[in-house]
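Take a look at this one; I'll ask things after.
The chains carry the letters A, B, C and D, assigned in the order they are written, with residues numbered from 1 in each.
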């Protein structure tokens, strides 16, 4: 692991080390919690053949939407593409391989990797096409489907605050998949709006202890461009 | 589930409803986080034939130590009894059935029940006597041991602060097993030093959302009697 | 006069008991938000990680970190909490959400629900719908009684891929309120002015109608 | 003159690299706490749910919610965090703890460790030892070279129930510092004034001793 004292990085240096063809977890549910600055740096850095793991595909023209549109993404493991018609088009045209998981199972498959388990046993989706082909095992007299852990080479996460050891605090609904992914990947790169000295974050408020985080970069607040587009209510 | 508006209870009323022979999870690692007031009320309430699930057995004369000494506990599912010689004596004399699990697996078995899973797959303890008789399944080309979820009728947890909907905040190392157990049992009774109106707890600081908590009781601070006995450093 | 949608929502709001935890599905159910008065102690769960949503008030600036699962900026009421996606779905899978309202492409007499995929036409992924449908204590479907071509959506048996089996407790449409019972769909309320025979004609599933006990809405 | 224990601890402290996350087992290893200077940027992990422990200062009032896994009141250094038991052991199982020091009843030439149970005599439960032993990146055993009856603790093969297989990297005793290698136990340092033949005589496992490269401590 990276030493506590060596985690603060320049954003381009942090993403430059991601290999071509890497499997990358990306935090965020819609815009909140999406590490926009890291994703933009990754686009600039040029790696292709990527497998991305993210709850959704953001919206066209922002976040992983940009990487998909630039043809950098071979495969997407996700829960829902409802807000991104260009991603759905790429899927339908065969330019993007998409694997769908129910949202809570996706979260748990990631959490499982973060906990060092091989998988977990679920009853979600039994009797539906989501469970087709899923192996089963009987425990306590009931059949359970086996969901293997989902691993990644890298996680890109967004936090509100960090310290230079890599302790992270998330805010409001920008938490979502970030704390799970921050535990799950081999290398975890966190962006934060504010980067403090160790001791500045209240210890009971830290969501991700620094042990799980490999690198920290400080970024500017997201632009309104990266906010949620007006829809819904 | 209990309605949000009906969770605040008198301590004796809260524990009186626990049935004889119940399986009860009890928070705490040593003294911090142990719900001493709820345990004292349970002792007074008189239920016996209990199965307790707790990391340890507290120390003689406090916490679950008292319940064990009073002969109320038939079985203890735990990780370590190192600080309680009377519990070890009861085990050796055959008055207390004890099941040991490695501490992190105990935590995960409880967490698994809280997540609604049937179990998880682990490689911990393979080739040691802890794994003797454990069923295995192959995932991603490796053998994994199946650890079933651990369920309970009731969880007794300790929090620093609560609101009357049942939102909980823990403090320092008094967290330990409490947030896991607060999600895992059928009925969750929380004691808190401070009981506030909804809206008083900072929303990003809440550790256990109220949805998981059935009843809340306000209690006085633990006595120094219930503190850690002088040992170690 | 109230639109069909408004009538569905007003009727649906009567399903909510003070003190409950309620999830509102994307689309029509989300609009139920505005039918729950501020003073009613109900916490709205949104699966992206918040319990205690309320709509933004007129002129209230959006908080860019605070959305519901439909992507709308929201705010929170007293007693709210935020949490990660694992905790949010643990709450769902453990049936700690009392009530959910969901839309439907099809719903049938056995309480089966299809609302996530139309093979070859619409398959954006299942999101959180499967876990909500399977595990929330009570699922109430809100939908139009017929599709825009007039075809029934309340079927004898669903034809689309299912979201979950035997998960629906009650169906509220512009034409009727129906309960899923072991004997089939029992009509609880019928739209003001609608004839029971016309209701049955607009429905593929056989309906159990006891005219002596029928409510109007 | 330094006691055997002090010599073990002083030697062990040299294993710690600034910037590491270190777990200290119960007993002798816990005392290593006092050998890590405050200005050294090291976070001590304790499996009850804290990263960044430091010993209480003279006269500092105990915080009743703040203990380490041995049950002693501690305090924290800048950069510390607290968390639940699941997160604490995720950190361990995912090998996010760089280094752990543990005691031993027996340790053998293959790096097997027994430190939790003596059948019929001592079986208080395994606590967190199994996961720490199996998963922490580097495990250094700290123990006396021989038990109080003079019997060797460094064996050819452990006889007690194992905590974990092939988990030990280095063993530090009052007599020697030994590395577990594919060829067996290689002596790195030997106690000041001790003859290599006497070291071997006090050890059941065959030792690899290259006198030309032997350090003293």
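FYI, a residue touches a chain if its C-beta (ideal position, glycine included) is under 8 Å from a C-beta of that chain, and two chains touch if they have at least 3 such contacts.
As the structure is a prediction and not an experimental result, all values here were calculated from the model.
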Where chain C and chain D overlap in contact partners, by chain label: A, B
Chain whose mean Cα position lies farthest from chain B: C
Geometric centre distance via CA averages, chain B-chain A, whole Å: 32
Whole-Å gap between the CA centroids of chain A and chain D: 36
Between chain D and chain B, distance of the C-alpha-averaged centres to the nearest whole Å: 29
Multi-partner residues of chain C (at least 2 other chains): 82-83, 86, 89-90, 93, 135
Touching two or more other chains - residues of chain A: 108, 115-117, 170-172, 203-204
Graph class of chain-chain contacts, one of line, ring, star, complete, other: other
Contact pairs between chains, per stated definition: A-B, A-C, A-D, B-C, B-D
Residues of chain A touching chain C in the complex: 29-33, 55, 78-83, 88, 98, 100-105, 107-108, 111, 124-125, 127-130, 160, 170-180, 207, 222, 227-229, 231-233
Residue numbers on chain A that touch chain B, as the complex places them: 108, 112, 115-123, 135, 137, 139-140, 142, 144, 146, 148, 169-172, 203-205
Contact footprint of chain A on chain C as seen in their complex: 26, 30, 33, 46-50, 55-56, 62-74, 82-86, 88-90, 92-93, 124-131, 134-135, 161-165
Touch list for chain B against partner chain C, complex: 1, 3-6, 114-117, 163, 165, 167, 183, 197-199, 201, 203-204, 206, 209-212
Touching residues (chain side chain D, partner chain A) in the complex: 17-21, 41-43, 45, 51-52, 76-83, 86-87, 89-91, 93-98, 135, 137
